[in-house]
């Protein structure tokens, strides 16, 4: 009898809190129970080798016994947002519950009414600049732009951005995507520009375009999208990609070819991704439980295993929660300390510059 | 006669070189997984993945259903239009070209919005329903090729004369269709069938967004971050699709032979 | 034979019933998504009616994209049609054994859909700077392919790659038409004293050209809509329409889906125009036949 009233009381309180608009993490047990009732979580755009999502998903399944329905791992941030839009009103298995998108997609998705707010229990350890005050979206991990080098074809690795212009790197440098579309490629251009502009963020967009114009006219730039296969085959021996991708590729190649991941001393750009729950999620409680898992120590360390810096890295590091052997696998920490985290406005500005002017300035047009 | 033969062999030889070289290069690269020597490591890695068999089997099944549905829809329609409504031909031809320029991603978004769980035709509510929707999607994608193939074949036979002759001998419409028209346009139907099969097996966007366990999404998943497995997978997929199509070819010819002998 | 009025009505109704299954299929699974796309072309992201998306189509970079797309599609369509026709003729009336025909046709079935990343990678592995053929030419024949100015990552390279699926398409669709050329015709022509060239010019070409041209159009539209191969091969250097379209619909950055729909609408219009030209030409030619 007493337990029943207590349960009723906690349930009413939870409802009251939720109703008041403050989406605080209510009773953890209630959440787990509600999530288990839903039984499934639908994710999208989570390749298993990206930040060790494979490990995170397995850990989540093992801990809570839920099934995870994984949609389109190849999706880009735009795809994820479109998937939410397209599945409005659909509770079938094609509708994603949670998304993991580039920082600039958060505010737009919030504006379009596509996501719902939720603040995880470790909310306060997320830096303010990487989350929405109302709890609609929140940074999950970051990496820095690096150079992935094929040691079979490159005798001496470039040490910094400026080195890439040297003649010994002819027909070698590639981006990891289309700089008119993909976040990773645009960040690559921006990072080169930041180095060339000596840290001036406002000028970095144009500086980056000029850098690649030079790269292209010297014949150093290869317009093919850099990935593990063309890297190993030899078409793109130097790929500019997020450090976690490069390290993950290096793991997969197992020394065939031998490779090196270089975080340059100048022009260190950090890319933040954010999590959000779909406003039309068919399994909202499973979604919230997933967020709780990801932002718990276990989840954050799973990402670190995938070479991504989890968003609570600084807080966890101070509290001594980071194992030394994981730290040893990452590139040296000094260069990470110099990382620049562009604000939303700065990102919007340089993205506009780069995407709109790439064809004109770099003119790597196929003849 | 001799000059013609020599020229024909020459054309086939050059074409064979052009088509086989890229496959050889892909194969050669896929064998390089073990450093310093050629090995089948990449293939072992791919084939030991149980998902490979299950997704390929699923896609082949869907592809066969697509072929049957396509033939049942397109051949009678092409025949009917030629026979009774030739003025509709331009309209139908334009419609059959649309799938080539409407990206499949837009089509799938359209399906998701039109036929989701809250619509009048809730295909996505169940696995079977979504499978049916996927087949319709594949039919839509292979429509241009299937129609053009069948129509080209029908152009060379005079459907009007054949139909009149069959009717005057007392044949009903289904006899005409299946015993007179179909066998004569069989090459066209087969061509269309081959293309439909390859499309259904390799397609990525539709099964991915409809969340079906098909081969296309599996290929993309492997290709994302590995270096040697994707080319191995491409070779295996190529070979297995070719074998499936050869089987379809043989089966059809055997059936036709049996029907003829009757 | 005179027919009474009511009979014609019933016949007309039967006619329309005959096309009903196709119409239903087309409406539900093709027209409906297309309408959704066309509707989107005239809306803003917020949902208001606008012509701004259509106006953006005439901006210089999108216009340039259309122009390059048309060129690449036309080049690979013509190349594919010519070589495909030669191959189709070789295997059907070229006097070759049956097994060659079967092997070629079944192979074409597979190759017609071999596109995207696997195809791009295959050509990089063949004709790229470190490709198999490039290396063999250099080490065995002493020929430096890239020194001649050839580059796989170019218009020519993309066209060569596209032909890998264009040629098989042509072969598959045109072979049945060539099969339809009756032996009696070539025999009759030679009896009447025609040379091979005259036979081709006066008998074969008039009969086959609508099929060939129609398939050429199909090849054009096929290349026009192809994106995966171009992205994988020339990534960021080629500004073709589907890439621009995809940038808008699924891009990480630009993401104005309505502009993407407008671009797709532009592609539909171009395809419609080319189809109209083909049909007009064909109607004129068919006036001479039945």
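Read from first to last, the chains carry the letters A, B and C; within each, the first residue is number 1.
One rule holds for everything that comes next: a contact is a pair of C-beta atoms (placed from the backbone, for glycine too) under 8 Å apart; a residue touches a chain by one contact, two chains touch by 3 or more.
The structure displayed is predicted, hence computed values, not measured ones.
Chains B-C form the pair with the most C-beta pairs in contact. Each chain gets a centre from the mean of its Cα atoms; the one farthest from the centre of chain C is A. Chain B and chain C have Cα centroids lying 16 Å from one another. Annotation: 37 Å between the Cα-based centres of chain A and chain B.
A straight line joining the Cα centres of chain A and chain C is 38 Å long. For chain A, residues that reach two or more other chains under the stated contact definition are 82, 229, 233. Contact of a single residue of chain C with at least two other chains is seen at positions 121, 125, 246, 249-250. The residues of chain B that reach two or more other chains are 29, 109, 113, 223, 230-231, listed in rising order.
Chain C meets chain B in the complex at residues 14-15, 18-19, 21-22, 25-26, 28-34, 36-37, 83, 86-87, 89-91, 94-96, 100, 102, 104-114, 116-119, 121-123, 125-126, 131-133, 164, 167, 169, 172-177, 179-181, 207, 210-211, 214-215, 217-218, 221-222, 224-225, 227, 242, 245-246, 249-250, 261, 264, 267-268, 270-272, 275-276, 279.
The residues of chain B lying in touch with chain C in their complex are 1, 4-5, 7-9, 11-12, 15, 18-19, 21-26, 28-29, 73-74, 76-77, 80-81, 84-85, 88-90, 92-95, 97-103, 105-107, 109-111, 113-114, 121, 136-137, 139-140, 143-145, 148-149, 151-153, 155-157, 185, 187-188, 190-192, 194-195, 197-199, 201-202, 204, 219, 223, 230-231, 234, 237-238, 241-242, 245-246, 249.
Interface residues of chain C facing chain A in the complex, by the touch rule stated above, are 45, 61, 64, 68, 121, 124-125, 128-130, 153-155, 158, 231-239, 243, 246-247, 249-255, 257.
Those residues of chain A that touch chain C in the complex are listed here as 75-79, 81-82, 102, 104-105, 108, 112, 171, 174-175, 177-186, 222-225, 229-230, 233-235, 351, 355, 358-360, 364-367. Taken in their complex, chain B has these residues touching chain A: 29, 32-35, 108-109, 112-113, 116-119, 124-125, 130, 208-211, 217, 220-221, 223-228, 230-231.
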